[in-house]
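Chain IDs A, B, C and D follow the sequence of writing; residue 1 opens each chain.
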Amino acid sequence: MLDKNGIATRIAQEVQDGQYVNLGIGIPTLVANHIPNGMNVEFQSENGILGMGPFPFEGSEDADLINAGKQTITALPGAVYFDSATSFAMIRGRHVQLTVLGAMEVSSTGDIANWKIPGKMVKGMGGAMDLVASADNIVVAMMHTNRAGESKLLPQCSLPLTGVACVKRVVTNLAVIDIKDGAFHLVERAPGVSVEDIKSATAGKLIIPDSVPEMNL
Amino acid sequence: MLDKNGIATRIAQEVQDGQYVNLGIGIPTLVANHIPNGMNVEFQSENGILGMGPFPFEGSEDADLINAGKQTITALPGAVYFDSATSFAMIRGRHVQLTVLGAMEVSSTGDIANWKIPGKMVKGMGGAMDLVASADNIVVAMMHTNRAGESKLLPQCSLPLTGVACVKRVVTNLAVIDIKDGAFHLVERAPGVSVEDIKSATAGKLIIPDSVPEMNL
Amino acid sequence: MAISKLVSGVETACMGVEDGMTFMLGGFGLCGIPENCIEELVRLGVKDVTCISNNAGVDNFGLGRLLQGHQIRKMISSYVGENDEFERQMLSGELEVDLIPQGSLAERCRAGGAGIPAFYTPAGFGTEVAEGKEVRDFDGKPHILESALTSDFAFVKAWRGDEAGNLVFKATARNFNPMMAMAGKITVAEVEELVPLGTLDPNEIHTPGIFVQRIFQGDSYEKRIEQRTVRPLNN
Amino acid sequence: MAISKLVSGVETACMGVEDGMTFMLGGFGLCGIPENCIEELVRLGVKDVTCISNNAGVDNFGLGRLLQGHQIRKMISSYVGENDEFERQMLSGELEVDLIPQGSLAERCRAGGAGIPAFYTPAGFGTEVAEGKEVRDFDGKPHILESALTSDFAFVKAWRGDEAGNLVFKATARNFNPMMAMAGKITVAEVEELVPLGTLDPNEIHTPGIFVQRIFQGDSYEKRIEQRTVRPLNN
């Protein structure tokens, strides 16, 4: 079973040379730490930077330079700052090629819910609805089950949706799962996790091929 | 009767302190030369400058700094350059308060035609359709009659329209005329021009008040 | 000659604000917010206002200051996750909240300033956001119709500005400020540094002065950081 | 690490252009046009192309060069008044022409790049431009629905650029270049000066590199002036 950094490590393998990538808050943010040296990738943060670098050294934080998670960051050579309309022009116009974001629920038809629990928690969708409606390639990073042990991979989402039929791949602490033709398709197992473990943690229809390789981390 | 510079002189009186003004090609361009010193006015040219100054001194022309008439210009202190989308955001969003442009025909309902003579001349509308559809205050600068001596102030335009019900005031070589309630309203006579001269040169319905003052130039 | 927008300070800049008005406020989180104007709105005690702002500040800073005094009737935002008092007022029904996708919020403000009354976007199709909105397919993909946003006052914060109202923002403090500057009937800009006319390179201005009605030199900027994340120096 | 868009020159930059494609070309009049790319398109002899460009050049320069060789099947422009050969081809029916308001042209290109499939504008209502287009009232005022424009290639010309594709334009040579850069499937940028990565201030970039697929150092810029208007020196 993977921890959050393990999930991020596996997702880093989805990133291809030459891609512009938007990483959501939480586990997705960690993905940046696992990109191989020398790979040409630029991170976009929807609050208005392309070419986001690592956290600043202690003492050189700049309140005017943050990412979408409101964390202090740095800018790499070649970085650009822009306004929010231009930022979402990049996203909506499909110039950002890969989006990684967290989810509370994902359905076997590719729906995603991650912004609201009615009556309990309302943080807002931020840029997530624009991102999932636009990116060609959307990967969800999340734990396979919630704190109550219930599956987050469902036949249908029970929470208010963020987007419909948009998620292509889910990477969890247990597995890599693709979504197509209305079903979850098991692609890889996390180290030490059995197909049976994954099956019992997945509420939606799960297609299991004859051979399910273990992740190569 | 006024010449082109006379028309421009009269139109300059329409400009108020603190206004952003767009001047079209031809007579309107001359208006800038007649703004009183000390009046705070900024000229916008739709190709991407606010704070347009006079023509450059001989030898300091810059091919990268032109107005919408493709003439070399200068920029005043406080000027800004911007792209065409931003330029028309200023226009369409009614941030430019006064538009002065030429016309081939104007109707007594405020329609204007100035971009096309079917089968003969097609230069294109440029920014004129955006300007007349948006500005709160649109003043037309033109000769009262065309080269054939026919009135350009008509009951209805015969040429393809640039905009409908948008022109508020027309300044010609003969008169200042307002447009409201489907008629032309004579406001001022050019020096040495009689009401009868104006009446005979105006094809559309013309309302003539008891007293028609001469322009104060 | 340039049209001067310079006013003496925050009090003059905020003259004319009234109960029940709609305000836009620039900023993302606490980054790039108009600190001086917010404090003035608190001081003026203006009530029942609608605030259009990507976020709602934190409990005791930014728009959280207006929430504390129950000055806000309605919030139009995309993300409000850092504010307990906000969540309490919203869940109790004291505060009306319209949550909209961040990109749609940005584009709706720009549209309001640019004379575009409405546009189609794929964001929010199939979600609560699409309820009551027209849906139309383009290239086989469903989009929803979103309308322009404007405001009685827009309050923005820039790094540098001149008396013509030209503004330059710093780094990611730019965010929503330029679009909101376009969409305010009266746009008030507070700047960290007011520079003489002609100092700003006309090629490098982010918000042309035509969009700004009042500008003043702000002071006492706290520029609070929400998430101070750093690398150790010996790394 | 930044994604490099640098190619060796105009020949590599224009690789893949084909007969029948749609091109966008930046510039207003002859100001800010991609001179090197236009010459390469002439050299390649690509035919039956649709060109989206505010103007059509003059008889022997700019897009006029492509018109001379009858390479253009259709022009989408707002103003074409400085080109006799253009007018001849259009009136004779050899050339298809779609004339659209300048602001709508700019906004349609931006929309194409920004994933906005359509928007409403008041420009052109009641004119030929509105024929066949949906009309809808907003705030009691009629607007027409305009759709996004995109292209197979967009050719833009910048003042400075870096290998990440970041662009800075000079003065009014900016014009349509930024929006067309957004709307090209492949956007080719030619620059007067290619500068090392990290030289451009990230705060002062007009077109972020994400919109540019290929960039090269142009040469032999003529930068012809259409209307040389001056004041005498002794004024």
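Keep this in mind: contacts are C-beta pairs under 8 Å (C-beta built on N, C-alpha and C of every residue); 3 or more make two chains touch, one makes a residue touch a chain.
This one's a predicted model, so the numbers in the text were calculated from it and none came from an experiment.
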Relative to chain C, which chain has the most distant C-alpha mean position? B
Looking only at C-beta pairs that count as contacts, which pair of chains has more of them, B-C or B-D? B-D
Please compute the C-alpha centroid of chain C, do the same for chain D, then give the distance between them in whole Å. 32
Separation of mean Cα positions, chain C and chain B [Å, integer]: 36
Calculate how many whole Å lie between the centre of chain B and the centre of chain D, each centre taken as the average of the chain's C-alpha atoms. 28
If you average the CA atoms of chain A and of chain B, how many Å lie between those two points? 55
Give me the residues of chain D that touch two or more other chains. 107, 110, 114-116, 121-122, 169-171, 202-203
Hunt down the residues of chain B that sit against at least two other chains at once, touch-wise. 49, 75, 81-82, 85, 88, 91-92, 134
Could you run through all the chain pairs that touch each other? A-C, A-D, B-C, B-D, C-D
For chain B, which residues are in contact with chain D within the complex? 45-49, 54-59, 61-73, 75, 81-85, 87-88, 91-92, 111, 115-116, 119, 121-130, 133-134, 160-165
List of chain C residues in touch with chain D within their complex: 107, 111, 114-122, 138-139, 143, 147, 168-171, 202-204
Chain A partner contacts - residues on chain C that touch it in the complex: 28-32, 54, 77-82, 87, 90-91, 97, 99-107, 109-110, 121-129, 159, 169-179, 206, 223-233, 235
Residue positions on chain A within touch of chain D in the complex are 18-20, 38-42, 44, 49-51, 75-82, 85-86, 88-96, 134
Sort out for me which residues of chain C touch chain B in the complex. 1-4, 110, 112-116, 162-164, 166, 182, 197-198, 202-203, 205, 208-211
